[in-house]
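Each of the next two complexes has chain A plus one other chain: chain B in the first, chain C in the second.
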Partner chain A sequence: MNFWDRMQDIDVRIIYIVIFLVCTIAVIKPLGLPIAISNTTVQAFETMDSLEPGDVVWLDAAYSPGSESELNPMVLAVAHHAFKKDLKVVTFALWNMGQKIVQPLIEDRAEHFGKEYGVDWVNLGFRPAALMVLRAMRDGIHDAVGGVDDFGTPLSELPLMDPDNPNAVLELNDKYVDLIVVFETGSPGTVDYLTYVALEYDIPIFPALVQVSVPGALAYVQSGDYSGLIPGLRGAAEYQILAGAPPTAATGTDAQSLGALAITAFIILGNLGYLLGRKNAA
Partner chain B sequence: MRKELPMFIGVLAGLAVIFDRYFVLGRNLGLTATLDDWSVVMDGMMFAVGFINLTRLHYLNVKRRRAGFIYSIVLLVTMYGYLALALYETVDGPNATFIFDNVFRTMGSTMYGMIAFFIASAAYRAFRVRTREATLMLVAAVLVMIGKAPVGDALVAGWDPLAEWILNVINTGGMKGILLGAYLGAFATALRVLLGLERAHLGGAAK
Partner chain C sequence: MLVSTDAGIWIGAISTIAIWSFLVGDNPLWRVAESIFVALAAAWSAAYMWHNYIWPTFSTQIAVEGKYLLIIPVIIGLLIYTRYFPGVSWLARYPMSFWIGYSAGYILAFQPQPFVNQVTSSFIKFGGATTGETINNILLFIAIIGTLMYFFFTVKRDNPVMVIGSTFGRWTIMIALGAAFGSTALFRLSLLLGRIQYIFGDWLQIAGG
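Here is the complex of A and B:
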C-alpha cells in the first residue's frame, strides 16, 4: 500500500484525535476571528429592535439539552436585547425540558437589567400536549396552562398575567403579543407557531435555529413568513455582537472554524489519495 | 367493527375540526377546544402506555438473559428510581434537579457533541470525486462549510457571500420544491384519512 492509498483510508481514530485537538486548542486559546453579520440575523435584530418599551415578546424553548451549546447563547442574546429595550417577556416550552434550560439564562439577564419576575417576565413552563395548549392559549392563557406558571404560582398573583392589570398578557394573539421568537431544534417548533398563531394574527415571528435546520428555514425567510432568523452558533455570536450581550458564543465559532478547516483538509487528502492512487494503479 | 369504529371516530374528529375552522357555528360550539382538551388527557395516557411497554420489554430482556440485559436493568432502575424521586419531592426538588442538571443534561450535550466526530469521519469517506455529481456536491459542501464559519472570510474575502448565495438561491430553490411536495403529500394523505381510504394507521392496507 503506497502513501496515496493510505491517504484514502486514514484510521478513523486519527480523524477523531485531530478534531478533538483543534477544537480544544480553539477553546483554550481563542483565535478572535472577526465575525461578519449575516442578513438574516440583522433582520431578526431589527425586528426586535423596532418594538417599543412595554411591548411583549413571546419566547419558546423548543429544544432539549443536546442543543444547549448552540441555542443557549441565542437565548442569552435575545433575552439581553429584550430586557435592554424594556420589553416584557413571556416564556413557554413546546419541548418538555426547554423551560428548565432557559430559566437560569433569562434569570441571569433579568437580574443584570434589574427586571422582576412576575412584573417584567414570566415562565409558563411546559404542558403535556403542548401543541393543543398552544392552540388553546390563543383564546385564554390562564385556562390553557391551568392558571399557574412553571413554579405553580397562580397567574393572578403575577402582575404581568393578572387579569386585573390592564396591561396583562391574557391571550396568545395580536392583542397582547408583539413578537414571537422560537428557539428550536425540530418539531414541534416555529412552523407550529407560524401555522396556529403568527399567520392567523399577523404577529412577527423568527426562529433561532441549530445550523442543520437553517437550509430548510431559509425558504420561510424569503417568503416573508419569518422576520429574520438566527442561524446556529455563528448566528448567536452575531446577535450577541449586535445586542451588546456577553460574547459567550465567540469561542465556539473559533472551534467551528478550525473544525471546518480540519474536515476540509481530510477531504482533500482523501481525494488526493483517491485520484493519485488511481493514477498510479493505471 | 374493529377497523370501522376507529375510522369513523377519526373521520368525525377531522370533520369537527374543519367545521370549527370554516364555520362561525363551529367556532361557537368550541368543538376543537373540546378535542384539544381530550388530546391533553390522551397525551398523558400515551406516556403511561409507553412506560408500561418499556417495562414489559426490558423485564423480558432481563428474565430471558438476552444479550445486553445489564443495560435493561440499568434502564429499569433509572426509570423507576427517578419516577419515585420525582413523586416524592416533585421534578423541581433538589435531588431531581441535581440529576437532571448534572447527569441528563451533560449526557445529552455529550451525545450531541459526538456528532462532530462522526460527521468528520463520514465527510472524509463520503466526499470523493467519483462522479460529476459527487464532485459538485463536494465543492458545494466545502464552500458552504468554510464560508459559514468565520474563518472563510478571514481566508478569502467574499467567501461568505458565495456561501450565502449557494444557500439562498440553489439550496432554497430546491427546499421550496421539496416543502411543496411534502405538504401536498400530507394534504393528500389527510384527505384519504378523512374519506376513510387510508387504513394503514388502523393496521390494514390502503384501499
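Here is the complex of A and C:
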C-alpha cells in the first residue's frame, strides 16, 4: 500500500486526535484572527437597532443544551443590544429547556444595564405544541401560558405583563410586539413564528441559527421574510462586535477556522489519495 | 492551573469524558452516562410540565380564576390514555382526530404564504445595482431553472435543452449539498469547541473560555 492509498484509508482516530489538538491549542492560545462581518448579521443588527426605547422584543429560546456553544453567545449579544437600547424583552421557549438556558444569560445582561425583572423583561417559560400556543398567544398571552411566568409568578404581578398597565405586553401581535428573534436549532422555530405570527401581522423577524440550518434559512432572507440572520458561532462573534457585547465567541471562531482547515486538509488528502491511487493502479 | 472546585462542573466534565469514551469503543462508562442523561432529561421534562403548566391550569385558572370551560379540553386530552384499556381504547381516537384535524387545517391555511413568497422572490430583474449583483441574479435564475429541470421526469432526457439544463441543475444541487455538508461540519466543530472550552476553561481553568 503506497502513500496515496494510505491517505484514502486514514484511521479515524488519527483524524479525531488531530482535530481535537488543533481546536484545543486554539482555545488555550487564541490567535486573534480578524472577523469579517457578514451582510446578514449587519441586516439583523440594523433591524434591532432601528427600534425605539420602550419597544418590545420577543426572544424565543428554541434550543436544547446541545446547541449552547453556538447559541449562548448569540443570546448574550442580542440581550446586550436590546437592553443597551432600553427595549423591553419578553422571553419564551418553544423547546422545553430553552427558557432555563437563557435565563442566566439574559439576567447577566439585565444586571449589567440595571434592568429589573418584571418591569424590563420577563421569562414566560416553555409551553408545548408550538402551533397551538402561538395561535393562542396571538389572542392573549395570559391565558395561553396559564397566567404565570417561568417561576410560577402570576403575570398580573409583573408590570410588563399586567393587564392593568397600559404599556403591558398582552398579545403576540403587532400591537404589542415590535420584533421577534428566535434562537433556533430546528423545528419548532423561526418558520413557525414566521408562518403563524410574523407574516400575518407584518412583524420583523430574524433567526439566530446553528450553522447547520443556515443554508436553508438563506432562502427566507433572500425572499425578504427574514430581516437578517445570525449564522452560527461566527455570526455570534460578528453580532458581539457590532453590539459591543463581551466577545465570548471570538476564541471559538479562531478554533473553528483552524478546525475547518484541518478537515479541509484531510478531505484534500483523501481525494488526492483516491485520484493518484487510481492513476497508479491504472 | 487551578482546577474548579464546583461539584456541578466536575460532574459535567466527567460526563463529557464518559461520552467521548465511546470514540474508543462501546464501554460501560459511556452506557452509564448515556442512560443517566436520557433518564434525567425525561424526568426533568415531566416534572417541569407538571409544575409549570398542568398544575397551574387546575390550581389557578380553573380553581381560582373560574375558567371552568378548560375542563372540557382537559377531559378530551385525558381520553388519549384510554388506549391502554382495550374495552374503551376507541375513545383515544377523538383527541387524536381533533389534534390532527385542527393542525392540518391550520397549517394548510398558513403554510402557503412563506412558500409563495419564496417563489415570487425568484422573479428578479437580471440587472442589479452592481456587476456582482447582476451576475448573482442571473446565476440564481439559471440555478432555479436548472434544478427544476433536473426533477422534471415527464420529459425525456434525449434533447439537448433537457440534457444541459438538468446537468447544470445536478451541479447546482451538488454545490448546495456541499454547502450544507460544510455547514454541518462547522456545526459539529462548534459543539466540540463548546465542550473543549468547558473542559479546559470551566473545569481545568487553563483557557479563557
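Note that in this section the second predicted complex is superposed on the first by the 281 of 282 C-alpha atoms of A that agree within 3 Å, B and C clash if a C-alpha of one lies under 4 Å from a C-alpha of the other, contacts with A are read in each partner's own complex, and residues count from 1 in each chain.
Throughout what follows, contacts are C-beta pairs under 8 Å (C-beta built on N, C-alpha and C of every residue); 3 or more make two chains touch, one makes a residue touch a chain.
All values derive from a computational prediction rather than experimental measurement.
Touch criterion not met for A:Asp120: it reaches neither chain B nor chain C.
Contacts of A:Gly66 after superposition on the shared chain: both chain B and chain C are touched. Using the contact criterion defined above for the overlaid structures, shared-chain residue A:Gln256 touches chain B and also reaches chain C. Looking at the shared chain after the overlay, A:Asp178 reaches neither chain B nor chain C.
By the document's definition of touching, of the two partners only chain C reaches A:Pro30; chain B does not. Once the two complexes are laid over each other on the shared chain, residue contacts for A:Pro128 go to chain B and to chain C alike.
In the superposition on chain A, contact of A:Asp162 is made with neither chain B nor chain C.
By the touch criterion defined above, A:Gly224 reaches chain C but does not reach chain B. In the superposition on chain A, A:Asn271 contacts chain B only, with no contact to chain C.
Note: residues 16, 19-20, 23, 66-69, 97, 127-128, 132, 135, 211, 214-216, 219, 222, 232, 256, 259-260, 263 of chain A belong to the chain B contact set and to the chain C contact set alike, using the contact criterion stated above. Residue ranges of chain A in contact with chain C, taken from their complex: 13, 16, 19-20, 23-24, 27-28, 30, 66-70, 96-97, 125-128, 131-132, 135, 143, 146-148, 150, 152, 154, 191, 194-196, 199-200, 210-216, 219-220, 222-225, 232-233, 248, 251-252, 255-256, 259-260, 263. On chain C, the positions that touch chain A within their shared complex are 23, 44-45, 48-49, 51-53, 56-57, 60-61, 65, 67, 102-103, 106-107, 110-111, 113-114, 117-118, 120-121, 176, 179-180, 183-187, 189-197, 200-201, 206-209. Residue ranges of chain A in contact with chain B, taken from their complex: 10, 12, 15-16, 19-20, 23, 33-36, 38-39, 64-69, 97, 100-101, 127-129, 132-133, 135-136, 139, 151, 211, 214-216, 218-219, 222, 231-232, 234, 237, 253-254, 256-264, 266-267, 270-271, 274-275. In the complex of the two chains, the chain B residues touching chain A come out as 32-33, 36-37, 39-40, 42-44, 47, 92, 97, 100, 104-109, 111-113, 116-117, 119-121, 123-125, 127-130, 138, 142, 145-146, 148-154, 160, 164, 167-168, 171-172, 175-176, 179.
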